[in-house]
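Next up, some structures in structure tokens.
In the two assemblies presented below, chain A is common to both, partnered first by chain B and then by chain C.
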Partner chain A sequence: MKGKRAGYWLVLPYVVFLLVFMAYPVLFSVWLTFHDWNIVSPDIPFVGLENYERLLNDDLFFKALWNTLRFILINIPLQIGLALILAVALNQPLKGRGFFRGAYFLPVVTSGVVISFLWAWMLSTDDGLINGLLQKAGLHPVPWLTSETWAIPSIAWVAAWKNLGYYVVIFLAGLQSIPKQLYEAARIDGATPLQCFFRITIPMLNPAMLLVVILSTINGFQLFTEPYIMTGGGPANSSLSVVMYIYKNAFQSLDMGYAATIGLVLALIILSVSMIQKRLLEKDVTY
Partner chain B sequence: MGRKIGDMIKKGCLYTVLVAGAVMFVFPFYWMVLASLKTPEEVFRLDLIPSRVTLDSYRYMFERIPVWKGLYNSFVFAGSVTLITLIFTSMAGYALARLKFRGRDMLFSIMLLTMMIPFQLLMIPLYIIVVKLHWMNSFAGLILPVSVNALGVFIFRQFFLTVPQELIDAARIDGAGEWRILFQIMMPISKPAVVTVAILTFMGPWNDLLWPLLVMRDQQLMPLAQMATLFGLEGQGGQWGSIMAVNTMLALPVIALYLFFQRYFIESVGSSGMKG
Partner chain C sequence: MKRVGIVVMALMLMLLQVGCTSGAVDNGKVELTYWPAANPVEVQFAKEVVKEWNAKHPNIQVKMQPLPASRSTEEVLLTSIAGGTTPDVCSNINPGAIGQFVEAGGLLPIDSIDGAMEEILKRTPKETVEAFKSKDGHLYQVPWKGNPIMILYNKQHFREVGLNPDKPGLDTYSKFLAAARKLTRDTNGDGKPDIWAIAPNVEQTWWQRFFDFYPWYLAATEGKTLLKNGKADFNNPKGLQVMQFFRTLFQQKIAPQSTFKENLFVQGKVSMVITGPWALADIEKQAPKMEVGVMSIPVPDNMAGKLRITYGDPKNIAIFRSTQHPKEAWEFTKFLISKQNDVKFLKMTQQIPFRKDLAEDPSVQQYLGQKPVLDSFVRQAPYTRAIDDSDKITDVFDALSLEYQQAAVMGKKDPRKALSDAERKVNEILQRSR
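And then the complex of A and B:
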């Protein structure tokens, strides 16, 4: 039939892209993890599991992984807490909702490069706006980006600030899908607004929560631009992210096999974490 | 009476929260543009209004990096990726939604699977492919590997599923082929899908740093995001004014687009799980 042939032709370009720039790279990646290659040398020796062994004994990799986890663990509650407050406020019948929603969304569309430089400047220890304000209030300046304690929390705040508007929109959609009758029934039964919030709003928002947690975890593991620009991974590698570490191994040490190994492990971590989260959170969803 | 006062307090609290939120999100942008217009001596002062406005920071920036070239490269990069994506994903989306052929359902499942592959797994082999094809420092190397994504196919497929079959049948009876049906009937009535895919796709390469960092070494070919990053990291020795100037140049086009198409931006990004 004519329609059949047309179908093949229509998907052909997409399938070619898929094979050349997706399927082949994935297989190539796996193959690379068993080899040692600096991309220049003509021979590519097979090294078996050496790259994996090296990974297990690589303190810097685990440091980068730990930094990334810390980032995620600070970033997620910040995002959920603040986005929830703003979404609940926006969900009330008020004037200027469109304006507020639009304003909150501004950082979402702005480049991570812009936001990283902007906040690197505002958070700089000696002449930044934030420390300037702290000093005006009679407080001590904080080494936001230059201390091992504060580098990751600061980056987690900046990333939360950038994406908050996006999560506000997700929560807002979730809030608007909650049936009004639930609140009316609860009010007749004498529930206080706070009870309504914790017994109705929060449970009914579970699907939105799930989406936010999964998206911010996946985004978190892919952290690169913010630490690359704001701290360069420092001080003392305290804000080195896994992706930065891949970048360093591949493009500064030309250690392609090892970099591919970290990339594969990272991909597996992302996949399994998001699958576990899905399982765990789906259990709580009740209607 | 008591209830009314309660309502007013409640309204007051709500507006306080909302305004505080708006200030938190908008003020840094004001601060950025302001810094780019201040004199170097005043960049670090906390005054909300500078005593003197100067374009010195912009002049310094233009002396050091080819900003217009960077903007042009960014437009070529983001524009080409968007165009290729729009054409190829709408074709695949139409075939997956409305045509029957062997392997269709399997292709759809594979497509959903590819959405879960993080770019960090692909970046090293993609870089090697680009090197082997002698595509380093070329727009082909920058554009092609990141064009066409599963999200586009998915959005188009969902939209095309809602088009009434009678419309397609009528066109077929009139002798139109599948290509004409797609580009002359389906696409023109699918503006929301086209706008959604276009916005989502355009923002990715415009704002991307990692991939250009791998492919482009020649400053004349770099997108502005990469140019700005290298400029900023090269230690401008406290030249925060000029870093904020290049930041402003990088942010302005997307923010202008955003203010113009605000509703579409929020809906498109909100409805589809954007990639960071």
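And then the complex of A and C:
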């Protein structure tokens, strides 16, 4: 009995932390979705489902959601494809392997703001490095960040470039846990390297793949820094992400209730998408 | 024994979570918190002023804490109001964005403090003070400083293309555009310009319009702001001329579509920049050899020679109602806006205090004599406007900014249509109860 009580005391600090910094804000923001609050005002009137009604009729919210989905659809395949190729390459006994592993991880630990500044400069339309190179090669310049067509693909590329190293590390860990004898057995049976890759590596990487897909989906839905810095959400709101829209409602229009509503809906969307992904992708592969 | 240790540890951790509250009175001693803007020169100024004050007033100690270097002061203040952690005094208050603070009763009416109005009127012209009064007739902000938006130019570039570097005379749209066409040049023969005349921001972010559409509109309308009687007032021939001016700049490729975030002007990649006097310190540091000239915002051709008004980017001082020591807070504010500190502020930050007798001060005269560019800003300062006092002003600028980007920058919409669309949207925003 005595030992039990000591245990409660020991977990108390963490429980208090959890209640104050996790549970309370979450419950408060759910409560906010039924209210109208402009931060400065002491009174917070109850408005029922008004915020939800407004959300269903808000074209800009759906545009931001569509922008975010477009981002995810470009960003994730790009990111996972490149990460997989790099991980397989870095898993070979190459010279200077440690250097490359570090180099690819560097952008992950660099501030997203710095990376966005850097790429905004390189992708600048009339005075950027990349268009300068394109023109030297006799090609037409591309309005990377100043056209409604290209803004999201450009941002998806920058985000993929930044996060690549993180997923490379996960894939590397996955690759190293594949038993060597599977490859040996396959080789004896006359399998080509390509067959080995698609029949052994990919299926055996399934747990890592699941983790990477879910993590990058969750990350993707929370897109903020890159468009905030590189395009300001434009042109014509074509790169406004859902989180940027939350930020705009909260801090520009001072509409906390509505911002909380979008936040809650976004959280539910992320939850359901992750569940579906888990259902579709999780397979128990053993040989 | 062990258990006591655990309890103590848990309690200490809890205390850490709760955090500490400050500003308490301790044996007759008063502590005030003061938040200045976060840029390095202003922080340095605040440090020196606070140090001097604290040495002179052992019983009223001021704690200086720069506003977090987030993008907008308003966001920081709003969150601190919500969290109940407002300072006693803050000196980076944007008059256009405080309607809501006032409405919520977050600020102390300055005119309720004994002797404050006399002191303020001694320092600042009456019209300027009147313009900062809120709808209820009270003054909630001590007028502090302004930064008139003008155009700085690189004299060397002007010389190279045959413009008079001392009197370029680009006071109307057609003269300005003609000169700009010459200034945008390909100097290394690769078939594309590498020096541009000017590079207005291409993004939709609302406050970027303080540096293009808005000062141009104020100049063209001789000082009319965007709203009138609670309605949009900018869909008029002048607004259209301004929109078309910027469309011409981007359409004729005199201005680049650039998302480069560094200072193109100090790098010699653009010949002109639309900015306030704060930019001078930066230019001196980054390009000490550059010869810089300054001119007012150009106006439509038929207005040549008229008085030019521009955006004044005013920043004022507010005392928060949450303060427990309004009298002491005012005393400190009075020290902050004393003549001695106004002169110091001008020299340290190259920004312009709202003080009538500033230019009469011999040390200021001597100082400005060596700095003709800053002198022009000081002379422009009285001819400025703020933004409209509306709690929806950011949304108003946001709507206008989107249409500006579509019409002027991208050329996807007729300027006429963009203005009437912006007018409709702004009126919708203003009519929304909330």
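FYI, the second predicted complex is superposed on the first by the 276 of 287 C-alpha atoms of A that agree within 3 Å, B and C clash if a C-alpha of one lies under 4 Å from a C-alpha of the other, contacts with A are read in each partner's own complex, and residues count from 1 in each chain.
Keep this in mind: a residue touches a chain if its C-beta (ideal position, glycine included) is under 8 Å from a C-beta of that chain, and two chains touch if they have at least 3 such contacts.
Treat the numbers as computed from the prediction; the structure is a model and nothing was measured.
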Clash or fit (per the criteria above) of chain B with chain C on chain A: clash
Touching partner for A:L10 - first (chain B), second (chain C), both, neither: both
Touched partner set for A:L264, first chain B, second chain C, both or neither: first
Which partner, chain B or chain C, touches more chain A residues: B
Touched partner set for A:G233, first chain B, second chain C, both or neither: second
Partner chain in contact with A:L18 - chain B first, chain C second, else both or neither: first
Partner chain in contact with A:L145 - chain B first, chain C second, else both or neither: second
Partner chain in contact with A:D36 - chain B first, chain C second, else both or neither: second
First (chain B), second (chain C), both or neither touched by A:L134: neither
Chain B versus chain C as contact partner of A:W121, first or second or both or neither: both
Touched partner set for A:L254, first chain B, second chain C, both or neither: second
Part of chain C, among the options 26-34, 44-52 or 80-88, whose backbone runs into chain B after overlay: 80-88
Contacts on chain A seen with chain B and repeated with chain C across the two complexes: 6, 10, 13, 17, 20-21, 39, 117, 121, 127, 136, 229, 232, 251
Residue numbers on chain B that touch chain A, as the complex places them: 11, 14-15, 17-18, 21-22, 24-26, 28-29, 31-32, 35, 44, 46, 87-89, 91-92, 94-96, 99-102, 104, 107, 110-111, 114, 116-129, 131, 144-148, 153, 177-179, 182, 203, 206-207, 209-210, 213-214, 225, 228-229, 232-233, 240, 243-244, 247, 250-251, 254-255, 258, 262, 265-266, 269-270, 273-274, 276
Sites on chain A touched by chain C in the complex: 6, 9-10, 12-13, 16-17, 20-21, 36, 38-42, 117, 120-121, 123-128, 135-136, 143, 145-147, 229-237, 248, 251-255
Chain A-touching residues of chain C, taken from the complex the two chains share: 2-3, 6-7, 9-10, 13-14, 17, 72, 74-75, 78-79, 81-82, 100-101, 103-106, 190-194, 196, 202-206, 208, 253, 256-262, 264, 269, 391-392, 394-395, 398, 402, 405-406, 409-410, 412, 434
Residues of chain A that touch chain B when the two form their complex: 2-4, 6-8, 10-11, 13-15, 17-18, 20-22, 24-26, 28-29, 32, 39, 85-86, 89-90, 92, 94, 96, 99-114, 117-119, 121-122, 127, 129, 132-133, 136, 161, 163-166, 169-170, 173, 211, 215, 218-219, 221-222, 224-225, 228-229, 232, 242-243, 246-247, 250-251, 256, 259-260, 263-264, 266-267, 270-271, 274
